[in-house]
Amino acid sequence: MAEQQQQLTSEDIIQEENLVFDRTQLLTDNVFHYCPGCGHGVAHRLIMEVVEELEVQDKAIGIAPVGCSVLAYNYMDIDMQEAAHGRAPALATGIKRTMPDKYVFTYQGDGDLAAIGTAETIHACNRGENVAIFFINNGIYGMTGGQMAPTTLEKMKSSTTPYGRNIKQMGNPLKITELVAELPGTYYVTRQAVHKPGAVRKAKKAIKKAFEYQKLEKGLSFVEIVINCNSGWKMEPVDANKWMDENFLPYYPLGDIKVPEKK
Amino acid sequence: MGELKLMKGNEAIAEAAIRDGADGYFGYPITPQSEVIEYLAAQQPEERTGMVLLQAESELASINMIYGAAGSGKKVMTSSSSPGVSLKQEGISYIAGAELPCLVLNVVRGGPGLGTIQPSQSDYFQSTKGGGHGDYHLIVLAPASVQEMYDFVELGFDLAFKYRNPAMILSDGAIGQMMEKVEIGEQKPRMTEQQIKEKYPWATTGKTPDRERNIITSLELDSAKMEKFNEKLVEKYRTIKENEVRYEEIQCEDADYLLVAYGTSSRICEKTVEMARQEGIKLGLLRPITLFPFPSQRLAEYAQKVKGIMSVEMSSGQMVEDVKLAVESRVQVEHYGRMGGIVPSAEEVLQALKQKFL
Amino acid sequence: MAKLQGRIVVDTEKCKGCGVCIPACPFDVIALADNVNSKGFHYAYMKNPEACTGCVNCALVCPDAVIQVYRKKATA
Amino acid sequence: MSEEIIIAGFGGQGVLSMGKILCYAGIVQGKEVTWMPSYGPEMRGGTANVSVIISDERISSPIISEFDTAIILNQQSMDKFENSVKPGGYLIYDGNGITRHPERTDINVYRVDAAAEAAQMETTKTFNMIVLGGLLQVKPIVEMDKAIEGLKKSLPERYHHLIPVNEKAIHRGTQIIQEVRKAKVEA
Amino acid sequence: MGELKLMKGNEAIAEAAIRDGADGYFGYPITPQSEVIEYLAAQQPEERTGMVLLQAESELASINMIYGAAGSGKKVMTSSSSPGVSLKQEGISYIAGAELPCLVLNVVRGGPGLGTIQPSQSDYFQSTKGGGHGDYHLIVLAPASVQEMYDFVELGFDLAFKYRNPAMILSDGAIGQMMEKVEIGEQKPRMTEQQIKEKYPWATTGKTPDRERNIITSLELDSAKMEKFNEKLVEKYRTIKENEVRYEEIQCEDADYLLVAYGTSSRICEKTVEMARQEGIKLGLLRPITLFPFPSQRLAEYAQKVKGIMSVEMSSGQMVEDVKLAVESRVQVEHYGRMGGIVPSAEEVLQALKQKFL
Amino acid sequence: MAEQQQQLTSEDIIQEENLVFDRTQLLTDNVFHYCPGCGHGVAHRLIMEVVEELEVQDKAIGIAPVGCSVLAYNYMDIDMQEAAHGRAPALATGIKRTMPDKYVFTYQGDGDLAAIGTAETIHACNRGENVAIFFINNGIYGMTGGQMAPTTLEKMKSSTTPYGRNIKQMGNPLKITELVAELPGTYYVTRQAVHKPGAVRKAKKAIKKAFEYQKLEKGLSFVEIVINCNSGWKMEPVDANKWMDENFLPYYPLGDIKVPEKK
Amino acid sequence: MSEEIIIAGFGGQGVLSMGKILCYAGIVQGKEVTWMPSYGPEMRGGTANVSVIISDERISSPIISEFDTAIILNQQSMDKFENSVKPGGYLIYDGNGITRHPERTDINVYRVDAAAEAAQMETTKTFNMIVLGGLLQVKPIVEMDKAIEGLKKSLPERYHHLIPVNEKAIHRGTQIIQEVRKAKVEA
Amino acid sequence: MAKLQGRIVVDTEKCKGCGVCIPACPFDVIALADNVNSKGFHYAYMKNPEACTGCVNCALVCPDAVIQVYRKKATA
């Protein structure tokens, strides 16, 4: 049997010097407007943690999309701009080209990036704009009430596919991330998730790389982050994460898709 | 006096952008204004001043590129012609809603649709009343010569930054393609980041400890706040109307009849005035230089004095509505227009005037 | 041998009771309270604080970033 | 004083640059100028024309339908512009490819076979300069040395080595007119 | 009497499209009108009538999808809200230029930019003066109830086909989201290809030996021909103005003062009229049903009789310009507006009226 | 030595029964407005030959782009529509969806299809619209005066890259054809040319397949046809074709990119 | 006769469907109805409200700021709408989660603890029907059988098996009010 | 043995003299005329008609579809 451990009291433990995890200072105090359990919050936090760790708050400029994360600027304590639906990569291009020493990133949903914004996405990637794109894939249009997104799975229900996505009629779930990986302008392309501790750790590393490569002027880093939209999927958050593991991630497998050949 | 050059209107715009110290141009080719980007490409503004040049994948992308750069306090512009400008309407509305300064050039061609590539003035409504959604206005400048194409770049940027409002140069194929003598100004330096930070504290240049984060947005979900913002815009437009009306008067002092025309039409009408005067008709020309704000008050004054006003436009009659709104029925207002890329001749304008009033 | 002991502090007013932290905890430390906060959410709490190792897993997945984690080495 | 000129021919005949040189020369002489081209979609072949105004005063309309002088380099342009010359005005044309020669008698008509001449001089690219020389001889709208200056200004630096051969062509153009005039007088 | 249903305005539009025998709907979600496509998706119109439903990748794509289908003589529609409609402007201009019939619904929200998702009427200019480039007009219908949302689908299609011109239903978030009782009509059959070929000989249905090929285009490089075409359009708009003006008059006969309002504002104003009448103020309401063509003549008639006219709009004042142009200064014209998604109350409208006129 | 052949006279040979190649009836009598030597004409002809051979004139509907071929409807004797710049696939979708028994195709330049029209191209392909896309790649914007296209090669000169396309600034030449081949909705993807007799024969076969697959409702066929834009490239036509062989085709190699797995 | 009602609470409490049932019932009785919801971006939680007008005549403005009756289901809504009830009007609220009870004395206030009741009945989803029953007892805006018909019409067929339990809840709501009234009288 | 002999007929008024047919001909049959047509183009003609086999290569590449090809079997 294990020997008896000293049992510390809460008071012993909850002391400033023992604090091992705290909300990053770069998140504002505003409460996220997201639904309970929504992955946007984690994605926000990780980006801000990276900005904090790299000490680039004064050089970071974020572009919020039109989508649930439209108000991202209420939470990220950095300079931000709100793009028109789908055009975040164009804004990022305009900013980065005129201020090459900034760290510029977009934060975009799957409707924003892979439907209306397809041209801007493809061409920013193809030009190899030296920015980071954080692509938040929840397989649905969260903000507008759960309509089909380009990434919605076959047979998956949404408010515009109430009987399930019919491939013949609605087309195929679009793996835009694999697509942009084909373009010479992308330097680093990866798919991550944030629904489990291990996934969160990896996602953060990926985000960090995206910033570091930007510093090295390597071109475009494209980091997909799969999250649940429990509201749009009409599930409880924990169930949604489970459904994601079982159904979504098999189609959109996690991991690096394009990594720099040599560093 | 500055250097004299023979330039196309489109080239003058491009040269003026470099010399005015612009930070960037983002555009997509379309006739009759592709010379703007071509001239810039030949000039390599990156090397001359560090100005950025990018051929975007579309008009949508280019308007949103300048949206981004303008949000960071940069002096940026785009240009296009009618169909391309229609594609920019959402972006323009966003820029107006985010209160950002920038310059958009429309070298108008005839529509609707693909229409013709020949000159037209049929985008007046779109430019002055808001082709995009929502209550907003652009500051609209209407050059009538290549020199003004050059000069209005600086003027447009100045007004845009003064009021944090997008400005438009509303030109047309004739002025874009034509060459005239242009007096070129000195090269102005581009603003440094430090200068931008000081002058435009709202710009997203990176949050520093000495200030709150800057947010560029046009979103406001709270209707009460949104209405406040709309009222602020209305107030801004009122100020602009008060302070920024520009027009030129040609032989107006003693005029019995008045032509109102801008841009290419006004050049034609200048000649019509000459011809009429030779015939002893006391004709004058009021040329609005700013289409928004429109010289309504000046027109209202003339409405007391003249016997008739004719709006001459290369359109089916758009500005004539603003003329009518200005003169409030105190005098007869007529419209004479040509369409489809056809520029009226001075003779036919005179003819029309006689027919309608004499 | 040293063992790590932990505690989490949940900002109960901001917790949305989504429950995502619960399966993330390897030691079944967390549960949702029967009580609700002013927003009507059943917030998370440590139903089993002694089991906590301060591994931060719960904090990593918390969508609202409302978990602080403390950890201390307990000497045997 | 104001001079209104139309120059019209095939695309590629140097119609537009002829106009530019005139304008630059005008500027050098302190005049006001406008240069208004026809334009269309980019295609090889097809016609091109430019109307040029050179004036002592501010130019009102740059778009005009009657001209003091017309320079016409192909049949289409002849059909289009012969009747736009003001009575008493000038029409200068290259006979190459012209199937219907000008018929008006109320204007001064000059034929300069510049294309043939340029071919003979083995500098087909200077064709338009020969025509220009002809124009300036017929009607000294700008002074000859100003025209040469205009030529320089309108050429990018990297083409400046071509100036002498162009100058030569301009002079050849003036000669031709002199010969034509002489012939006319003698006839 | 048809079946009575409780429906949202957006749902009524969708149901009406199916029942009117529409051939297709192509759209992109946006608040506050996503119920249109959602209702259709739930209804599976493919199975009910064979009507095609497609969620497009964007508003640009959807307007061009209906452009294509309309060119083949199909009865097709799209819907969006303000920013999305701005994106459609190029396409709308093309459709007008190609003289194709189709229906576009704008459930307006407050702008500019992303603005607010709450109801607004700030896209009046865009809709009636042409937000796209070139001289063209849409036929613009302004429903004021869910029943009219339903009815104007048929009316809009009918007018669109009658004049080969795009028609727009200009609604707003309030009417789109609100539920009212709707009388549902019979299911009309969709047209067969044979019928289309006979009725719309211009449609691209495949060239058969008995006719020349059909070409759908808005391009005309020859300015003289383009001008002819523009004149044809002007003439068409004149005919429309002559024949298709629609409006409703509420207590106008003996009115001393007139409110002019459309859509949601007109509902508010109806109540204002009731309230004013209770106070003994002889107030009437003229509700334009067609915004283009605008009931200018009727207003001009009232201008002779009433003491004042107030345009009530959820905007900074757009329709008021058309009111002024109509009455030609014969009577004082005022504007009262709210913005940012705020709907004025009947009380404040009455208050404003008193302040301006009494 | 070869035995003496009977030498026929021109009169012997030029007899109706000996006619082995004639301009297809489905080209109108209008003279192409294209520059001498421009490949658009061949591409037009081949499509019309196929329509003629398949006897589907009465079911064919073509979409012309905005580009040099904007007036394609003046030459092809079938019903046609003129799209807005880049939107031809959207028009095709609208037409085909509402008239599934027609043969619908777009004819688009590289600026039209791969720049402004990227989103419409990708999504029509991804949905597997049962139409054909004929993608005419000449590496430049012909109509507007020779500006850079997405497909312009590195270092290639154009009126907007007068010193040659600089990858760092202008981005990479975009292989959109390879990209759409990655999408499940495309059934047949190929790259052809029309500058040599053999290439013309192959291109025609590819075009024919595109129509046949459409009949079989296989989804989207994407046929790239590389042509010269001698005017934009500032070369004589024959030189342009040679330059194409030596420079353009090595980057855009001819041949099938995606072929049906089984027929 | 016209009745103007606001129903307000959290999203998910069935606020909107309560309004729908009332409207459908009104339609069945041949009345005019309008149902005007608040709307916003899609997020779980947050507040929702709908104003319903049921009238014998054509309804002018569907957007109103004063109500004959308010049904209030959370504190935010109480703060927002308590003062919007017309003097002499009715306010019905669920006490669950209410921290500040209504204070007006010029209106008729009824508390229906429907949430607690529904929990007890083990059919939390019928919470809103209990409230509806309460409303109809307080103020018979529509007849009870019409309300049941409205319920049927507003439910998609596939949910029709739920009608009995919902009916029961409505009746429970009427009972509660009867009890409350009795208590009031007895107090 | 049969040999194929051919002839082409160029619509000289519509030929644009691009010359693309010339390298396409395996037998060097075609050249551009010194004369021009009414559009000013040096049209294509058979400078070497006997060499033509009627292989249609020239017609295949002609951008303006102005070449007709005739072919006949010549018996030895």
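Order of writing sets the labels: A, B, C, D, E, F, G and H. Residues in every chain begin at 1.
Going forward, a contact is a pair of C-beta atoms (placed from the backbone, for glycine too) under 8 Å apart; a residue touches a chain by one contact, two chains touch by 3 or more.
Note that the coordinates shown come from a computational prediction; the quantities given were computed from them, not determined experimentally.
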{"item": "Other chains in touch with both chain B and chain H", "value": "D, F"}
{"item": "Fewest hops from chain B to chain D - one hop per pair of touching chains", "value": "1"}
{"item": "Which of C-G and B-F has more C-beta contact pairs", "value": "B-F"}
{"item": "CA centroid of chain E to CA centroid of chain G, Å", "value": "35"}
{"item": "Chain A and chain D, separation of their C-alpha mean positions in angstrom", "value": "65"}
{"item": "Whole-Å separation of chain centres (CA-atom averages), chain A against chain B", "value": "40"}
{"item": "In chain H, residues with contacts to at least two other chains", "value": "16"}
{"item": "Junction residues of chain E - those touching two or more other chains", "value": "31, 54, 57-58, 60, 83, 90, 94, 98, 113-114, 117, 217-219, 221"}
{"item": "Where chain D touches two or more other chains at once, by residue number", "value": "40-41, 45"}
{"item": "Chains that touch, pairwise", "value": "A-B, A-C, A-E, A-F, A-G, B-D, B-E, B-F, C-G, D-F, D-H, E-F, E-G, F-H"}
{"item": "Interfacial residue positions of chain A with respect to chain G in the complex", "value": "33-36, 68, 70, 142-146, 230-232"}
{"item": "Residue ranges of chain F touching chain E (in the complex, touch as defined)", "value": "57-61, 63-64, 70-71, 73, 76-84, 87, 90-95, 97-99, 102, 119-120, 122-123"}
{"item": "Touch list for chain D against partner chain F, complex", "value": "41-45"}
{"item": "Residue numbers on chain A that touch chain F, as the complex places them", "value": "115-119, 122-123, 126-128, 150, 167, 170-172, 174, 178-179, 182-185"}
{"item": "In the complex with chain F, residue positions of chain B that touch it", "value": "28-31, 34, 37-38, 41-42, 44, 46, 54-55, 57-60, 83, 113-114"}
